[in-house]
């Protein structure tokens, strides 16, 4: 369990770093790790006297200041009032396209997932979309998705939104909007660049020397294991309890 | 003052008759006579066990059940949930077009009125638009308006809305959507068909025998001078007071 | 004017072949009314999830009541995939109309405003545009020369949802769940179940009125206590996670689903 | 995050040449802030009335602060025509952009949704289409073949209104006056004056929250007691009809207007 907690803590701290500088981040329902990352950034900014961070957690009463119904998040993104959001995907390809619909021939998919949710829209409108998918395997990271729920690059139309980074259980990639693909930034211990190559079905840029994803420092861990998991408990009681028990 | 009261009572009772059968009528701000007509219909339906009538008076707290801001009346009309509405006009022409903008060359009008308000939209969408203009003169009822704020007939697009009748201080006209013009239905006492011809700048159909607009019967007058003016006082205190004092 | 009737009478207002719009889990899902609909033998529904659904859609699909499904997702959330939805996709039990959340709201908004279509940001590049032949990409007729997606109006025959309370005039408290108003504005008829009917008029007072769907948009109301169970109703009561997990497990097989459904319908009759 | 400042500082946020959106009389018109704007010498405004205006627009026009005016009407209501508006039309003191109420809301809605245009029902046949070259009539790209009017997005630089209260986080109570939210969603910056700042958070509680414009949309707040005077503020206070009638009479002449304006500005300084 301690390894599991450590894995999650690295993800949370990495997300906080990826969000640095934003004013408003929206987090989907059932996303405790992104939510914890956002809360960590908020707490850190507060302690450092940096600008406040607003967090919207969909479906949470305490972390919502929306009063115009289900459309408000989407309108808000269209207005440029949402700086960051998280998307996952049953498949993600090397061009950053994501598939939330299914594999095989549409519509009678071999494997069917829930559906595209708001991805087709938000990918265009939120400047810093963080692709977050814990499972790092060739079946997830494919050369070409079977169905494009949301496309990462559309040179035919102006857009402010798109992928910023891809974070998995094993590694962190940057997305290069110029090149239109991913570049490996760091690998989480104990994995190696070879593990990443083996488990990634798409091509990506790899630097000569690949960094290790930094573990959170002591101050960050203290903040996380105290205040952040307490804050998280309101929305994700089971997750927060597990993390606290492991401590 | 008694003649003035009688004039207004005829208008109010005529409006109630024109509205017969509707479920929801919207009344603009500063329109005590249309509002009183709508209230008279509502009370009469209630007494006769006929279907209830809903009245929206713009700008009134007590007579509004809108909760979605200023757009709701317009959306409501687009949904087919508003059966009747009143429009006036600085000029009204024989084809039922209305001008709320001004006379002479736009934009530097000779006479400038406030503006088109929602007329250009509502005229298309509300089935029973009652044109209500107290002043009956050739400067109001013109052959052709100088500016069409809202057009009565647009064969190039489907529409459910348009003029139903024109009510003035002197007469009541029906609007004939087939013929695209007005037909004199009745003349208010003490006026004559000749008075109407003299004071109307546009051509209209005139039957061989022109009826006199009926005066409200005793039951209607009792209802009007009692309950209706009391109800009206909430929104139009000055108007209701004048009418009660004259009684 | 709004009629206040029994749950059975409310259910009878939905007829086979109609399009039925329902809200997202937790926003006010009329689960007890869904049981009553299934009991009444509703079928051939054109189901429209605003903008996604979970247990409610899965039950209707499993019971064979759905002819076509327009949604941005069907999922049981924490309890995982929606088993009857997944199985129905494989067996092509219904026509699937995949969407994306704001496109469903945009379609409803077009109906609310009486226009045939609504433009919407984003979406370009998505394969949704290939499978939704009713969506178009046009050159913006105004302003900067650019492509814009337009989607058709969605005018459901019936909207169905659950809320904490209504007053005797038929006004319904929706709080900040304005997606319920969006549903009602766009729909030809709106059916609402509520926990309770209250005596005071909800439109009295500025704070109260702000969270009200006026009776003008509400055709039929029935009382159904705990009518969203096993789903949550705002902060009135939480979801019954154990029950939803039980459903998720049982509904993996057709037989398990039948057993669950039968018990679910029996439960409604006992509560009523 | 929302800043809470003095009225003078709030007024300084509006700079010459900006587009300024204001609500209809009675909905929450920031009259005291308007005095502060005029005192600060605001000019060349592109004024957008949502969807009409009265005293506020007439004062700004009379003071020479308006370069262009988009509105569906300007009127003092019971007090009659708006004299400086009428005079300004004759002297072509500003560029007039005549509109119709729902078209102004449609333009704001397009901005709210990040699309370049919005379709709107009706309007066809109106001469407004001749004088508004930025409006178009198109063939509907979807559904039945028919003509539809489309209007461009309206994205005001600044929205300015008055409300009863805000909390310390910058949430503003708007009750059912959702047109104020429409204004804020569409505008780049939103300035709000309030009667009072309260300590409790307006988003706490479903009823209260339903009538709140969240601070996300509110850039700057200042306190201005009786800040809508002489206009009404909801049911907080009625319009001062005598004062408005006095304005209507004085503003018939340029000199009379100058005298009124001077007294109006003095009044603000004395109240402050």
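Quick notes on this structure:
Letters are used for the chains, namely A, B, C and D, taken in the order the chains are written, and counting of residues starts over at 1 for each.
Quick note on the criterion: a residue touches a chain if its C-beta (ideal position, glycine included) is under 8 Å from a C-beta of that chain, and two chains touch if they have at least 3 such contacts.
Everything quoted here is computed from the prediction, not taken from an experiment.
Of all chains, the one whose Cα centroid sits at the greatest distance from that of subunit D is A. Chain pair with the larger contact count among B-C and A-C is A-C, by C-beta pairs in contact. The geometric centre of subunit B is 40 Å away from that of subunit C, both derived from CA atoms.
In terms of their C-alpha centroids, the spacing between subunit B and subunit D amounts to 29 Å.
Rounded to whole angstrom, the centroid-to-centroid distance between subunit A and subunit B, based on C-alpha atoms, equals 59 Å. Across the assembly, subunit C contributes 113-115, 120-121, 146, 176, 181, 209-211, 235 as residues in contact with two or more other chains.
Counting partners per residue, subunit A has 66-68, 78, 125 as the residues that reach two or more other chains. Chain-to-chain contact here is organised irregularly, matching neither a line nor a ring nor a star, and falling short of all pairs touching. Annotation, chain-chain contacts: A-C, A-D, B-C, B-D, C-D (touch as defined at the top). Across the interface of their complex, subunit B is touched by residues 1, 111-115, 171, 181, 185, 203, 209-217 of subunit C. Subunit C makes touch with subunit A in their complex at residues 23-24, 26-27, 50-52, 71-75, 77-78, 81-82, 85-86, 89-90, 92, 96, 98-103, 105, 120-128, 131, 146-147, 176-182, 235. Residues 24, 51-52, 54, 65-68, 75-81, 125 of subunit B are the ones touching subunit C in the complex. For subunit C in complex with subunit D, the touching residues are 106, 110, 113-121, 134, 136, 138, 140-144, 146, 148, 150-153, 174-176, 206-211, 234-235. Residue ranges of subunit B in contact with subunit D, taken from their complex: 29-30, 59, 61, 66-71, 74, 78, 100-102, 106-109, 112-125, 147-151, 153-154, 156-159, 161.
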